[in-house]
Amino acid sequence: MPKVTLLYFGSIRDITGLASEQTVAPATLEALHQELLLHYPSLQSAHYRYSVNETLITGDHQLADGDVIALLPPFAGG
Amino acid sequence: MPKVTLLYFGSIRDITGLASEQTVAPATLEALHQELLLHYPSLQSAHYRYSVNETLITGDHQLADGDVIALLPPFAGG
Amino acid sequence: MNKMNQTIKLIDGPIGNEAINTEIFQTSEDTQNGAYALFIGRVRADDEEPSPVEAIEYSAYPEMVAIVMGELSEELFGHYSHLTGLRVLHSTGRVRAGEVSLLVMVTGRHRTQIFEALSSCVELIKDRLPVWKKELLADGSSRWIE
Amino acid sequence: MNKMNQTIKLIDGPIGNEAINTEIFQTSEDTQNGAYALFIGRVRADDEEPSPVEAIEYSAYPEMVAIVMGELSEELFGHYSHLTGLRVLHSTGRVRAGEVSLLVMVTGRHRTQIFEALSSCVELIKDRLPVWKKELLADGSSRWIE
(Lines give C-alpha, C1' and ligand atoms only; values in the text may rest on other atoms or scores of the structure.)
Protein backbone atom coordinates (compact mmCIF):
# COMPACT_ATOMS: atom_id res chain seq x y z
CA MET A 1 0.00 0.00 0.00
CA PRO A 2 1.63 3.27 -1.16
CA LYS A 3 2.41 6.04 1.32
CA VAL A 4 1.16 9.28 -0.21
CA THR A 5 0.69 12.95 0.63
CA LEU A 6 -2.72 14.53 0.22
CA LEU A 7 -3.04 18.27 -0.44
CA TYR A 8 -6.31 20.17 -0.04
CA PHE A 9 -6.88 23.53 -1.72
CA GLY A 10 -9.45 26.32 -1.77
CA SER A 11 -12.92 25.38 -0.55
CA ILE A 12 -11.87 21.74 -0.10
CA ARG A 13 -9.73 22.82 2.83
CA ASP A 14 -12.90 24.05 4.57
CA ILE A 15 -14.27 20.51 4.30
CA THR A 16 -11.18 18.63 5.43
CA GLY A 17 -10.07 21.18 7.98
CA LEU A 18 -6.53 20.38 6.86
CA ALA A 19 -4.08 21.72 4.28
CA SER A 20 -2.36 18.36 3.90
CA GLU A 21 -2.00 14.92 5.39
CA GLN A 22 0.15 11.83 4.97
CA THR A 23 -1.68 8.56 4.54
CA VAL A 24 -1.39 5.00 3.36
CA ALA A 25 -3.54 4.86 0.25
CA PRO A 26 -5.13 2.04 -1.68
CA ALA A 27 -3.57 1.05 -5.00
CA THR A 28 -5.63 3.32 -7.23
CA LEU A 29 -6.88 6.92 -7.29
CA GLU A 30 -10.47 5.71 -7.68
CA ALA A 31 -10.22 3.61 -4.52
CA LEU A 32 -8.61 6.52 -2.66
CA HIS A 33 -11.45 8.76 -3.87
CA GLN A 34 -14.01 6.36 -2.37
CA GLU A 35 -12.14 6.33 0.94
CA LEU A 36 -12.04 10.14 1.02
CA LEU A 37 -15.81 10.33 0.39
CA LEU A 38 -16.36 8.07 3.41
CA HIS A 39 -13.99 10.07 5.55
CA TYR A 40 -15.19 13.53 4.44
CA PRO A 41 -18.85 13.09 3.43
CA SER A 42 -19.14 16.77 2.42
CA LEU A 43 -16.83 16.06 -0.51
CA GLN A 44 -19.86 14.37 -2.09
CA SER A 45 -21.35 17.74 -3.04
CA ALA A 46 -18.07 19.52 -3.76
CA HIS A 47 -16.56 20.19 -7.19
CA TYR A 48 -12.92 19.26 -7.63
CA ARG A 49 -10.41 17.41 -9.74
CA TYR A 50 -7.37 15.38 -8.77
CA SER A 51 -3.74 15.92 -9.61
CA VAL A 52 -1.02 13.38 -8.96
CA ASN A 53 2.47 14.87 -8.78
CA GLU A 54 1.26 18.19 -10.20
CA THR A 55 -0.43 16.61 -13.22
CA LEU A 56 -4.21 16.68 -13.62
CA ILE A 57 -5.62 13.15 -13.74
CA THR A 58 -8.76 12.22 -15.60
CA GLY A 59 -10.02 8.71 -15.01
CA ASP A 60 -8.31 6.19 -12.77
CA HIS A 61 -4.61 6.13 -11.96
CA GLN A 62 -2.23 3.68 -10.26
CA LEU A 63 -0.76 5.17 -7.09
CA ALA A 64 2.87 4.78 -6.06
CA ASP A 65 4.87 5.37 -2.92
CA GLY A 66 5.66 9.08 -2.47
CA ASP A 67 2.88 10.35 -4.75
CA VAL A 68 1.51 13.81 -4.00
CA ILE A 69 -2.23 13.84 -4.60
CA ALA A 70 -4.09 17.15 -4.62
CA LEU A 71 -7.81 17.91 -4.56
CA LEU A 72 -8.31 20.95 -6.78
CA PRO A 73 -11.58 22.88 -6.77
CA PRO A 74 -12.32 25.02 -9.86
CA PHE A 75 -9.49 27.47 -10.53
CA ALA A 76 -10.14 31.16 -9.97
CA GLY A 77 -6.96 33.10 -10.50
CA GLY A 78 -6.41 36.71 -11.55
CA MET B 1 -5.70 89.68 -47.56
CA PRO B 2 -5.73 87.59 -44.33
CA LYS B 3 -2.81 87.67 -41.92
CA VAL B 4 -2.02 84.07 -41.03
CA THR B 5 0.53 81.97 -39.15
CA LEU B 6 2.30 79.14 -40.95
CA LEU B 7 3.62 76.16 -38.96
CA TYR B 8 6.12 73.67 -40.38
CA PHE B 9 6.57 70.22 -38.89
CA GLY B 10 8.83 67.21 -39.25
CA SER B 11 10.74 66.95 -42.51
CA ILE B 12 9.01 70.07 -43.87
CA ARG B 13 10.98 72.11 -41.36
CA ASP B 14 14.19 70.93 -43.06
CA ILE B 15 12.87 72.44 -46.30
CA THR B 16 11.67 75.76 -44.92
CA GLY B 17 14.45 76.17 -42.37
CA LEU B 18 11.75 77.63 -40.11
CA ALA B 19 9.36 76.31 -37.48
CA SER B 20 6.82 79.06 -38.17
CA GLU B 21 6.28 82.37 -39.88
CA GLN B 22 3.66 85.10 -40.06
CA THR B 23 2.55 86.12 -43.51
CA VAL B 24 -0.15 87.83 -45.48
CA ALA B 25 -1.84 85.05 -47.42
CA PRO B 26 -4.04 84.99 -50.49
CA ALA B 27 -7.74 84.32 -50.00
CA THR B 28 -7.64 80.55 -50.36
CA LEU B 29 -5.52 77.62 -49.20
CA GLU B 30 -4.98 76.52 -52.79
CA ALA B 31 -3.54 79.93 -53.72
CA LEU B 32 -1.35 79.88 -50.60
CA HIS B 33 -0.15 76.40 -51.56
CA GLN B 34 0.96 77.70 -54.98
CA GLU B 35 2.83 80.57 -53.35
CA LEU B 36 4.60 78.20 -50.97
CA LEU B 37 5.68 75.97 -53.88
CA LEU B 38 7.26 79.03 -55.54
CA HIS B 39 8.94 80.11 -52.33
CA TYR B 40 10.12 76.63 -51.25
CA PRO B 41 10.58 74.62 -54.47
CA SER B 42 11.60 71.47 -52.53
CA LEU B 43 8.02 71.23 -51.26
CA GLN B 44 7.20 69.99 -54.76
CA SER B 45 8.59 66.53 -53.98
CA ALA B 46 7.53 66.45 -50.31
CA HIS B 47 4.51 64.61 -48.86
CA TYR B 48 2.29 66.63 -46.54
CA ARG B 49 -1.23 67.69 -45.77
CA TYR B 50 -2.62 71.00 -44.53
CA SER B 51 -4.46 71.79 -41.36
CA VAL B 52 -6.21 75.08 -40.70
CA ASN B 53 -6.76 75.84 -37.03
CA GLU B 54 -5.86 72.26 -36.05
CA THR B 55 -8.32 70.68 -38.49
CA LEU B 56 -7.11 68.64 -41.47
CA ILE B 57 -8.28 70.21 -44.72
CA THR B 58 -8.93 68.25 -47.88
CA GLY B 59 -9.57 70.32 -50.98
CA ASP B 60 -9.65 74.09 -51.01
CA HIS B 61 -10.51 76.34 -48.08
CA GLN B 62 -11.22 80.04 -47.59
CA LEU B 63 -8.61 81.68 -45.36
CA ALA B 64 -9.42 84.21 -42.65
CA ASP B 65 -7.45 86.65 -40.55
CA GLY B 66 -5.70 84.88 -37.68
CA ASP B 67 -5.82 81.41 -39.23
CA VAL B 68 -3.08 78.98 -38.20
CA ILE B 69 -2.05 76.88 -41.16
CA ALA B 70 0.21 73.88 -40.67
CA LEU B 71 2.08 71.71 -43.17
CA LEU B 72 1.93 68.17 -41.82
CA PRO B 73 4.13 65.41 -43.25
CA PRO B 74 2.96 61.80 -42.69
CA PHE B 75 2.44 61.10 -39.00
CA ALA B 76 4.83 58.74 -37.26
CA GLY B 77 4.03 58.65 -33.58
CA GLY B 78 4.60 55.93 -31.04
CA MET C 1 14.03 34.44 -30.08
CA ASN C 2 14.47 32.70 -26.77
CA LYS C 3 11.40 30.56 -26.20
CA MET C 4 12.40 30.08 -22.59
CA ASN C 5 12.11 33.78 -21.82
CA GLN C 6 9.18 33.28 -19.48
CA THR C 7 8.73 33.55 -15.76
CA ILE C 8 6.00 33.46 -13.15
CA LYS C 9 6.39 34.75 -9.63
CA LEU C 10 3.97 34.36 -6.77
CA ILE C 11 4.00 37.47 -4.59
CA ASP C 12 2.86 37.47 -0.99
CA GLY C 13 0.19 40.18 -0.74
CA PRO C 14 -0.56 42.94 -3.25
CA ILE C 15 1.70 43.62 -6.23
CA GLY C 16 3.18 47.03 -5.47
CA ASN C 17 4.57 49.65 -7.78
CA GLU C 18 8.14 48.54 -7.17
CA ALA C 19 7.41 45.03 -8.37
CA ILE C 20 5.65 46.40 -11.46
CA ASN C 21 8.52 48.78 -12.16
CA THR C 22 11.01 45.98 -11.85
CA GLU C 23 9.16 43.99 -14.50
CA ILE C 24 8.84 46.93 -16.88
CA PHE C 25 12.28 48.42 -16.47
CA GLN C 26 14.56 45.49 -15.69
CA THR C 27 14.85 44.87 -19.40
CA SER C 28 15.68 48.48 -20.25
CA GLU C 29 19.11 47.34 -21.33
CA ASP C 30 17.40 45.16 -23.92
CA THR C 31 17.05 47.52 -26.86
CA GLN C 32 15.54 44.87 -29.15
CA ASN C 33 11.94 44.80 -27.93
CA GLY C 34 9.90 47.82 -28.95
CA ALA C 35 6.51 46.57 -27.79
CA TYR C 36 5.36 45.76 -24.29
CA ALA C 37 1.74 44.89 -23.54
CA LEU C 38 0.56 44.51 -19.97
CA PHE C 39 -2.55 43.42 -18.15
CA ILE C 40 -2.95 44.58 -14.58
CA GLY C 41 -5.75 43.04 -12.54
CA ARG C 42 -7.05 44.84 -9.48
CA VAL C 43 -9.45 43.76 -6.79
CA ARG C 44 -12.80 45.52 -7.21
CA ALA C 45 -14.98 46.60 -4.30
CA ASP C 46 -17.98 44.84 -5.83
CA ASP C 47 -21.21 45.51 -4.03
CA GLU C 48 -22.16 41.96 -3.09
CA GLU C 49 -24.81 40.67 -0.69
CA PRO C 50 -24.74 41.20 2.23
CA SER C 51 -21.91 43.75 1.97
CA PRO C 52 -19.15 45.00 -0.36
CA VAL C 53 -15.93 43.14 -1.12
CA GLU C 54 -13.17 44.39 1.13
CA ALA C 55 -10.40 42.05 -0.01
CA ILE C 56 -9.65 38.81 -1.80
CA GLU C 57 -7.62 36.05 -0.20
CA TYR C 58 -5.65 34.16 -2.85
CA SER C 59 -4.14 30.72 -2.40
CA ALA C 60 -2.09 28.72 -4.87
CA TYR C 61 -0.47 25.35 -5.43
CA PRO C 62 2.99 26.77 -6.14
CA GLU C 63 4.72 23.65 -7.55
CA MET C 64 1.86 23.09 -9.97
CA VAL C 65 1.68 26.81 -10.85
CA ALA C 66 5.25 26.61 -12.13
CA ILE C 67 4.54 23.50 -14.20
CA VAL C 68 1.28 24.81 -15.67
CA MET C 69 2.90 28.15 -16.50
CA GLY C 70 5.61 26.28 -18.40
CA GLU C 71 2.92 24.49 -20.42
CA LEU C 72 1.00 27.71 -21.12
CA SER C 73 4.20 29.42 -22.22
CA GLU C 74 5.03 26.66 -24.65
CA GLU C 75 1.54 26.95 -26.13
CA LEU C 76 1.76 30.73 -26.39
CA PHE C 77 5.27 30.88 -27.84
CA GLY C 78 4.25 28.13 -30.25
CA HIS C 79 1.15 29.97 -31.37
CA TYR C 80 2.50 33.54 -31.38
CA SER C 81 5.80 33.37 -33.22
CA HIS C 82 6.48 37.09 -32.69
CA LEU C 83 6.33 36.79 -28.91
CA THR C 84 9.76 37.28 -27.31
CA GLY C 85 8.94 37.32 -23.61
CA LEU C 86 6.22 36.50 -21.09
CA ARG C 87 6.27 37.49 -17.43
CA VAL C 88 3.57 36.92 -14.83
CA LEU C 89 3.22 38.08 -11.24
CA HIS C 90 0.32 36.68 -9.21
CA SER C 91 -0.56 37.49 -5.63
CA THR C 92 -1.14 35.00 -2.89
CA GLY C 93 -2.64 35.94 0.47
CA ARG C 94 -4.76 38.99 1.13
CA VAL C 95 -5.18 41.76 -1.46
CA ARG C 96 -7.52 44.61 -0.60
CA ALA C 97 -9.94 46.34 -3.00
CA GLY C 98 -8.00 48.77 -5.20
CA GLU C 99 -4.78 46.79 -4.94
CA VAL C 100 -3.16 44.82 -7.76
CA SER C 101 -3.22 41.00 -7.73
CA LEU C 102 -2.12 40.10 -11.27
CA LEU C 103 0.42 41.42 -13.75
CA VAL C 104 0.90 39.82 -17.16
CA MET C 105 3.48 41.30 -19.51
CA VAL C 106 4.27 40.16 -23.04
CA THR C 107 6.98 41.57 -25.25
CA GLY C 108 7.79 41.61 -28.93
CA ARG C 109 10.12 43.43 -31.28
CA HIS C 110 7.12 45.08 -32.91
CA ARG C 111 3.51 45.13 -31.76
CA THR C 112 2.48 42.34 -34.16
CA GLN C 113 0.44 39.67 -32.24
CA ILE C 114 1.21 41.35 -28.93
CA PHE C 115 -2.37 42.19 -27.97
CA GLU C 116 -3.75 38.78 -28.96
CA ALA C 117 -0.91 37.10 -27.07
CA LEU C 118 -1.67 39.19 -23.98
CA SER C 119 -5.37 38.43 -24.14
CA SER C 120 -4.78 34.69 -24.66
CA CYS C 121 -2.32 34.56 -21.81
CA VAL C 122 -4.75 36.20 -19.38
CA GLU C 123 -7.51 33.78 -20.39
CA LEU C 124 -5.24 30.76 -20.01
CA ILE C 125 -4.09 31.94 -16.60
CA LYS C 126 -7.65 32.33 -15.40
CA ASP C 127 -8.64 28.94 -16.82
CA ARG C 128 -5.71 26.78 -15.89
CA LEU C 129 -3.52 28.20 -13.16
CA PRO C 130 -4.10 26.36 -9.86
CA VAL C 131 -5.05 29.44 -7.88
CA TRP C 132 -8.13 30.01 -5.73
CA LYS C 133 -9.79 33.05 -4.29
CA LYS C 134 -12.08 33.82 -1.44
CA GLU C 135 -13.95 37.12 -1.23
CA LEU C 136 -13.77 38.77 2.17
CA LEU C 137 -16.79 41.00 2.63
CA ALA C 138 -17.00 44.12 4.79
CA ASP C 139 -19.35 42.46 7.29
CA GLY C 140 -16.72 39.81 8.08
CA SER C 141 -18.28 37.03 6.03
CA SER C 142 -16.42 35.31 3.23
CA ARG C 143 -17.02 33.01 0.29
CA TRP C 144 -15.05 31.05 -2.25
CA ILE C 145 -15.26 32.11 -5.89
CA GLU C 146 -15.60 29.05 -8.12
CA MET D 1 -19.28 55.54 -16.90
CA ASN D 2 -17.61 58.88 -17.54
CA LYS D 3 -16.94 59.14 -21.24
CA MET D 4 -14.69 62.11 -20.64
CA ASN D 5 -12.25 60.06 -18.58
CA GLN D 6 -9.44 60.46 -21.10
CA THR D 7 -6.19 62.33 -21.10
CA ILE D 8 -3.07 62.72 -23.20
CA LYS D 9 0.17 64.19 -21.93
CA LEU D 10 3.24 65.07 -23.96
CA ILE D 11 6.37 64.38 -21.94
CA ASP D 12 9.69 66.06 -22.67
CA GLY D 13 12.19 63.21 -23.13
CA PRO D 14 11.78 59.56 -22.18
CA ILE D 15 8.82 58.35 -20.11
CA GLY D 16 10.39 57.27 -16.84
CA ASN D 17 9.21 54.80 -14.25
CA GLU D 18 7.75 57.55 -12.07
CA ALA D 19 5.47 58.75 -14.84
CA ILE D 20 4.35 55.19 -15.55
CA ASN D 21 3.75 54.54 -11.88
CA THR D 22 1.71 57.68 -11.58
CA GLU D 23 -0.56 56.51 -14.39
CA ILE D 24 -0.98 53.02 -12.98
CA PHE D 25 -1.35 53.87 -9.32
CA GLN D 26 -2.98 57.29 -9.26
CA THR D 27 -6.33 55.57 -9.57
CA SER D 28 -5.66 53.11 -6.76
CA GLU D 29 -8.43 54.79 -4.77
CA ASP D 30 -10.80 53.84 -7.58
CA THR D 31 -11.90 50.36 -6.56
CA GLN D 32 -14.33 50.00 -9.48
CA ASN D 33 -11.97 49.13 -12.31
CA GLY D 34 -10.57 45.62 -12.16
CA ALA D 35 -8.88 45.57 -15.55
CA TYR D 36 -6.01 47.69 -16.80
CA ALA D 37 -4.38 47.05 -20.15
CA LEU D 38 -1.25 48.92 -21.15
CA PHE D 39 0.93 49.31 -24.18
CA ILE D 40 4.47 50.53 -23.63
CA GLY D 41 6.49 51.49 -26.69
CA ARG D 42 10.27 51.59 -26.49
CA VAL D 43 12.88 52.81 -28.92
CA ARG D 44 14.68 49.87 -30.54
CA ALA D 45 18.35 49.94 -31.48
CA ASP D 46 17.52 48.77 -34.99
CA ASP D 47 20.54 47.93 -37.08
CA GLU D 48 20.02 50.39 -39.92
CA GLU D 49 22.37 51.47 -42.68
CA PRO D 50 24.92 52.91 -42.19
CA SER D 51 24.76 52.39 -38.41
CA PRO D 52 22.39 51.44 -35.59
CA VAL D 53 19.66 53.67 -34.18
CA GLU D 54 20.92 55.49 -31.12
CA ALA D 55 17.83 57.57 -30.39
CA ILE D 56 14.63 58.95 -31.84
CA GLU D 57 13.84 62.63 -31.83
CA TYR D 58 10.07 63.18 -31.54
CA SER D 59 8.25 66.36 -32.40
CA ALA D 60 4.55 67.10 -32.10
CA TYR D 61 1.91 69.70 -32.87
CA PRO D 62 0.61 69.95 -29.31
CA GLU D 63 -2.62 71.89 -29.88
CA MET D 64 -3.67 69.48 -32.61
CA VAL D 65 -2.58 66.46 -30.56
CA ALA D 66 -5.10 67.45 -27.90
CA ILE D 67 -7.89 67.88 -30.43
CA VAL D 68 -7.16 64.64 -32.31
CA MET D 69 -6.93 62.72 -29.04
CA GLY D 70 -10.38 64.04 -28.11
CA GLU D 71 -11.74 62.74 -31.42
CA LEU D 72 -10.05 59.35 -31.03
CA SER D 73 -11.42 59.03 -27.51
CA GLU D 74 -14.93 59.74 -28.64
CA GLU D 75 -14.61 57.04 -31.30
CA LEU D 76 -13.15 54.53 -28.86
CA PHE D 77 -15.64 55.16 -26.05
CA GLY D 78 -18.42 55.03 -28.64
CA HIS D 79 -17.21 51.72 -30.04
CA TYR D 80 -16.11 50.02 -26.80
CA SER D 81 -18.95 50.53 -24.38
CA HIS D 82 -17.10 48.75 -21.56
CA LEU D 83 -14.19 51.16 -21.68
CA THR D 84 -14.05 53.39 -18.59
CA GLY D 85 -10.77 55.24 -19.04
CA LEU D 86 -8.06 56.03 -21.56
CA ARG D 87 -4.72 57.64 -20.75
CA VAL D 88 -1.85 58.34 -23.11
CA LEU D 89 1.68 59.60 -22.52
CA HIS D 90 3.81 60.41 -25.56
CA SER D 91 7.38 61.66 -25.60
CA THR D 92 8.64 64.68 -27.44
CA GLY D 93 12.34 65.41 -27.90
CA ARG D 94 15.10 62.86 -27.72
CA VAL D 95 14.48 59.28 -26.49
CA ARG D 96 17.42 56.88 -26.58
CA ALA D 97 17.25 53.20 -27.56
CA GLY D 98 15.86 51.17 -24.66
CA GLU D 99 13.87 54.11 -23.29
CA VAL D 100 10.08 54.41 -23.33
CA SER D 101 8.37 56.88 -25.69
CA LEU D 102 4.71 55.83 -25.52
CA LEU D 103 2.33 54.63 -22.84
CA VAL D 104 -1.30 53.83 -23.58
CA MET D 105 -3.51 52.63 -20.76
CA VAL D 106 -7.16 51.59 -20.99
CA THR D 107 -9.35 50.58 -18.09
CA GLY D 108 -12.57 48.69 -17.59
CA ARG D 109 -14.53 47.17 -14.76
CA HIS D 110 -13.87 43.71 -16.22
CA ARG D 111 -11.51 42.72 -19.00
CA THR D 112 -14.29 42.62 -21.62
CA GLN D 113 -13.17 44.56 -24.74
CA ILE D 114 -10.07 45.84 -22.96
CA PHE D 115 -7.49 44.24 -25.26
CA GLU D 116 -9.29 45.21 -28.46
CA ALA D 117 -9.70 48.76 -27.15
CA LEU D 118 -5.98 48.93 -26.34
CA SER D 119 -4.99 47.62 -29.74
CA SER D 120 -7.35 50.01 -31.56
CA CYS D 121 -6.13 52.95 -29.55
CA VAL D 122 -2.47 52.24 -30.37
CA GLU D 123 -3.28 51.93 -34.09
CA LEU D 124 -5.28 55.17 -34.08
CA ILE D 125 -2.49 57.00 -32.30
CA LYS D 126 0.06 55.84 -34.85
CA ASP D 127 -2.23 56.73 -37.76
CA ARG D 128 -3.65 60.03 -36.67
CA LEU D 129 -1.71 61.77 -33.94
CA PRO D 130 0.30 64.70 -35.35
CA VAL D 131 3.67 63.45 -34.15
CA TRP D 132 6.86 62.98 -36.17
CA LYS D 133 10.05 61.13 -35.56
CA LYS D 134 13.59 61.28 -36.78
CA GLU D 135 16.01 58.43 -36.26
CA LEU D 136 19.40 59.48 -34.97
CA LEU D 137 21.99 56.92 -35.98
CA ALA D 138 25.21 56.10 -34.18
CA ASP D 139 27.37 57.64 -36.91
CA GLY D 140 25.75 61.04 -36.39
CA SER D 141 23.46 60.89 -39.42
CA SER D 142 19.69 61.16 -39.11
CA ARG D 143 16.55 60.60 -41.12
CA TRP D 144 12.85 61.24 -40.87
CA ILE D 145 10.54 58.25 -40.56
CA GLU D 146 7.50 58.73 -42.78
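Should a chain be cited, it is by its letter among A, B, C and D, assigned in written order, with residues numbered from 1 in that chain.
To be clear about the criterion, contacts are C-beta pairs under 8 Å (C-beta built on N, C-alpha and C of every residue); 3 or more make two chains touch, one makes a residue touch a chain.
Since the structure is predicted, the reported quantities are computational estimates derived from the model, not experimental observations.
If you apply the touch rule, which chains end up adjacent to both chain B and chain C?
D
Mind checking the centre-to-centre distance between chain A and chain D? Centres are C-alpha means, answer in whole Å.
About 49 Å separates the centre of chain A from that of chain D.
Taking each chain's centre as its mean C-alpha position, how far apart are chain B and chain D in Å?
Averaging C-alpha atoms per chain gives centres 27 Å apart.
For chain A and chain B, let me know how many angstrom lie between their CA-based centres, rounded off.
From the centre of chain A to the centre of chain B is 74 Å.
Pull out every residue in chain A that's touching 2 or more other chains.
In chain A, no residue touches two or more other chains.
Give the residues of chain C that touch two or more other chains, as numbers and ranges in rising order.
Within chain C, the residues that touch at least two other chains are 41, 122.
So which chains actually touch one another? I want all the pairs, not just one.
All touching pairs, sorted by chain label, are A-C, B-D, C-D.
Show which residues of chain B lie in contact with chain D when the two form their complex.
So the residues of chain B in touch with chain D come to 7, 9-11, 14, 47, 51, 54-55, 70, 72-78.
Please give the residue numbers of chain D that touch chain C in the complex, ascending.
Its residues touching chain C are 17, 20-21, 24-25, 28-45, 97-99, 109, 111, 114-116, 118-119, 122.
Under the touch definition given earlier, write down the residues of chain C that touch chain A in their complex.
Spelled out, the residues of chain C in touch with chain A are 41, 58-61, 63-64, 67, 90, 101-102, 122, 125-134, 144-146.
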